[in-house]
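Reviewing the structure listed below.
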């Protein structure tokens, strides 16, 4: 065996383990969303999450990967490991959508959209930067995908939410906003912790190579920064809510942590840990006010996906120049605009086509009664009758 | 005095509450019940086996009123709970002998 | 015979049970209900939106007693359930025509 | 008319339902209640500390019937709910003044 | 340090991490089964799952490993790592049993059976192939254990189910089949995602060596194929149920994913990703119809373990020759027959002995009321009264 | 690339993955505690767990690490990886506290205590041994932190519990002990399995280096021993409860497994697997009787944290000399005494200051009604009304 072969093995292993951590994020999204919807829609959101992962993996295998990367020549690690690492990223992007359109989107239309997003929409914009396209040439810098994965997912979600409208009973005629609490807080917390864990693979693996002192040091720094940004995002959201409303709002804390993670994703290796903390603080602040603002705009996002992944993702892109000498604000803005424009526009068209053909919104009766019984045939907690009906 | 028992659709609870408020009746006790009647439950499917939830979730309202209020209140409930579909529910009226408010020891009319 | 319906605070259930035991009344049927009345629910906050749980969890006790026991039992409940704050609840008394103990076929007084 | 309140073992619900069906009574309202009585709960053990669930889960059936049906229905319930063990439950009968079917506005006998 | 030593370290680490992922499958089975039983038997199934893992690890340490492998001379990685990787496999086999006999099997008898299976029954058949016995010589090929682990577990489960009979209320006198929905769908989904994640260790680790370009490439391909088969199993089960009954049946989708995982386990490295997809499709089809058929045969398997691990396991063994040149159908049939015959026969005898001595079925009263209170002393959700009683 | 660099990369990766497993223990503690408290305090315990992790990571970053290790010169792996591995340990220590004081401690005071413990109290004693201080010189041996992490956490918890008093309704006037069952057994089981999994990182990573045959063999042995001790701890607790009360008490089994893990942590590499089993047996025995005894002493610890981490931690320290030639009982006693004395004393003072300033105990009304609504604004399961009120 040669040193080269051993480093090949190590880098392959590092990519595979990172990818497994990202795959695990599918469970994180599932639990987070299952915790934040009402019990009557819980089975359905679980079906959506598992199916979207399965569909995304299949579509990206059959088409998306080639579209995004062509036939890359990879000599430092196994090509299959590269594919596996990339495929779990697509699933992440699509998971963002499921949360935002929860509790009112038709399952079949959702899955059809998933096919298009993962086979075409996502890979096309991915090819512009990670695939060596024009955004890369323009100097756009998005290390692990604050924009390419998270903001892209949020853009697709936003297009869906605009066409779908809010859940019944979410907004009153005279501008009232009604709370619709999720049914299971421990699941929401578990989901967030799973995502937090998986993010080490998401960001840490995006270095793509571990061998060599410098690579190893960058990967280690990424782990530290990822953790620091999440921690500070959570603390900030906690403090803001505590000051504004005197309550320790669990779901906002969870969103704060996730916003920190999304924001650091654009450049997790270069900042010092202290700067990563500050980036997390900014994300925690932003996400709380973004969630409050979207509610004012009557954009109903049951899990806060658009704020967490879209707003914090954009913010993450824009602060890259602060810690990375190579990045410029103009390139970041160009990239953000291009990604958002493409994904939002293309998604809007696909959602529109779905809307006029199969329809995207469940029937009002079904929405009242919950999709679990009507579409999935079984309630999530069939032995427990919910005591509050919305 | 009367004790009115109304069995209504859960979705109508808010409407009935408002209607009762309008006729000056603010107190009531609500419980979740299961109704058996003409209306049948939904088919569910679990691992390829159909099953039907035989009972339907309903809300039961217990409302103590004075004899004079009674007709008004029954009317208000009927109007607010009406959808025209099977399963709209029933209103039952019983005679109430005696009522006490625990906090104040007031009885009967004053206690309601 | 009488059927006593008492709506009390959940926290008082144990005290009321003991008080009933002391006046020789050991059987009762309890259900969880939601009360609407003067007492208002707590403000909750979810993702920056306030909401108020309008109803308050209460316990409903159904107790079948003989006519002679009735006053004693109502008194016992009142004393044990009293806190002096809004929401202490109500006691309602209905006439009970007939009672049967399923296990023994005993009826009325013997059945209670 | 009468309002029959039956407290039975949960396991007997299906049998009682069928028996009621046989005597031509198809409507009823069921709720989950907790029974206190002669029958005692099971001992449970948590981290080395015994505790006893004092109350026993029971089902409460509320059935509105005509005066003529009443005896038949009470009998049917008694037979179907019987196991011979403590905790089989009770049947209570109240006078029902008035009944309304919300959907059709039918009253009394027609409403049941 | 030499290159040899470093590759020794890397391979040891790779085995250990793979083993941790397989150990994690114990949580997957626990959650899956806790989600699919009724709430009144949930604490008991958790006790069974945790205890079976503990007992399996201990029995295999004290006896089973020696029986299966003797004292293997391992020079490429730490012997302790090999043991740890093997021990978590035994636990997996036993976990399969707990699901199939759920809600009616006595806890003590179950644990006694667990002792015999993990100390003797499993190791004996394992030695025939992985231990270098007659099945290996005969050319039987079962890379990561579709047969040796999964079908073996299902055979033991089947023997138990036959002697135990169905849950009360599952089948009517005139051939009716009644649905007994599980109490907690999010747990079932979480359990499946945990198993999916753990399977990367299960299959990926079974290459046993990572060092060297070729090993690394095979391991990476295993990850890709494992994921692809699971995804296509889930999609297939979804489509079948959607077409047959118009419902998106969550638990069938979960079973479909697991069946895909079981089926690819016999040869996860050789097929292309596209072939792995097809293997998953077949598994997804098979598992749905197997579950429906077993119900017709009045074989009550609350979680579908016999279909998922037995039927899909056998199928996995039989399709190995399609992608692997060395394997023959006859050798696969021989292996499947030998494993099934031995495990089923030996288990039947052990179950029989337990039946006539301690008894294997809980008392009817206990079954009605649930094992949680009677045997474990505490309900799973003591503050929530189930509203539907079976 | 040189061999040196590759080993640097491998060791860094090994530390990072180990650290991720330890980070994952935050989810384990969260779920365990969320399962063992009543539903009315579940949201609050989730907030505490997530916030304590975030606060611990931030405080240790800003101050604690320097206090404990200064500016260590690390040449064999990336310094950032070392920091990340160490930081997740602090969070573990603090998690122990949250369980013991659950259901009655004010959230804000808890978090203030968290700041002091993780920034100062823990690092100071950590520096005595792992930081190369006087305990190391004295020959005190605590490989992965039975004492430094677990007993330290338990000492801080004990000080809090003493000042806080038991939950209302836990003890009667005439010495009665009332059971207060936790609301969600599956979460408790899941939490324990997460901790079990994470512990492989906790103990396995504490070797700090994987490269080299010997290191790899020790790490592998650590994995085997960690697993064996946990398994035997669980089995022992099961048997004891079964014999004493005839019940298979799930939560005691979970505590038994955790006690086995805590006990083996002081020296997981040297014992044979059989000896590790015995250490687990001892821990399983101890923890059951310790939990029963603490209840007699009216020290209310809802999750058994003091017994699991304190008693089993001390026991783990004291049995090190049995398997390790270098360790002496006197050095172990000195270390245990020093750690316990410092952490208990310092914590007591901090708790006292908090008690007289902000107060540490929630108002009686709030305790009755649960902290979820009053302090967090949302119930954990808002659609499900708990049926038993304590």
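Order as written gives the chain letters A, B, C, D, E and F; numbering starts at 1 within each chain.
We adopt the following convention: contacts are C-beta pairs under 8 Å (C-beta built on N, C-alpha and C of every residue); 3 or more make two chains touch, one makes a residue touch a chain.
Note that this is a predicted model, so its numbers are computed, not measured.
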*List every chain that touches both subunit A and subunit E.*
B, F
*Which contact partners do subunit E and subunit F have in common?*
A, D
*Is the contact between copies subunit A and subunit F built from the same residues on both sides or from different ones, judged by whether over half of the numbers are shared?*
different
_Winner on C-beta contact pairs when C-F is weighed against D-F_ = D-F
*Distance-wise, how many Å sit between the C-alpha centres of subunit D and subunit E, to the nearest whole number?*
45
*Compute the distance, rounded to whole Å, between the mean C-alpha positions of subunit A and subunit D.*
51
*asked:* Measuring centre to centre with CA averages, how many angstrom lie between subunit B and subunit C?
replied: 18
*Residue numbers of subunit E (touch at least two other chains)*: 3, 6, 10, 17, 181, 184, 190, 245, 247, 249, 251, 377-379, 381, 384-385, 387
*By residue number and range, which residues of subunit D touch two or more other chains?*
31-32, 34, 44-46, 94-95
_Those chain pairs that satisfy the touch definition_ = A-B, A-C, A-E, A-F, B-C, B-D, B-E, C-D, C-F, D-E, D-F, E-F
*Along subunit E, where are the residues that touch subunit F in the complex?*
1-3, 5-6, 8-10, 12-13, 15-17, 19-20, 23-24, 26-27, 30-31, 34-35, 42-44, 46-47, 49-51, 53-55, 57-58, 61-62, 77-81, 83-84, 87, 107, 184, 187, 190, 375-385
_Going by the contact rule set out above, which residues of subunit C touch subunit A in the complex?_
44-51
*Spell out the residues on subunit C that touch subunit B in their complex, using ranges where they run on.*
2, 5, 7-8, 31-38, 55, 58, 60, 74, 77-78, 81-95
*For subunit E, which residues count as touching subunit A in their complex?*
3-4, 6-7, 10, 14, 17, 21, 38-39, 181-186, 189-190, 192-194, 196-197, 200, 204, 210-213, 215-217, 219-221, 223-224, 227-228, 230-232, 234-235, 238, 245, 247-251, 253-254, 257, 273-274, 277, 381, 384, 386-388
*Once bound in the complex, which stretches of subunit A touch subunit C?*
177-181, 241, 244-245, 247, 249, 251-252, 288, 291-292, 295, 304
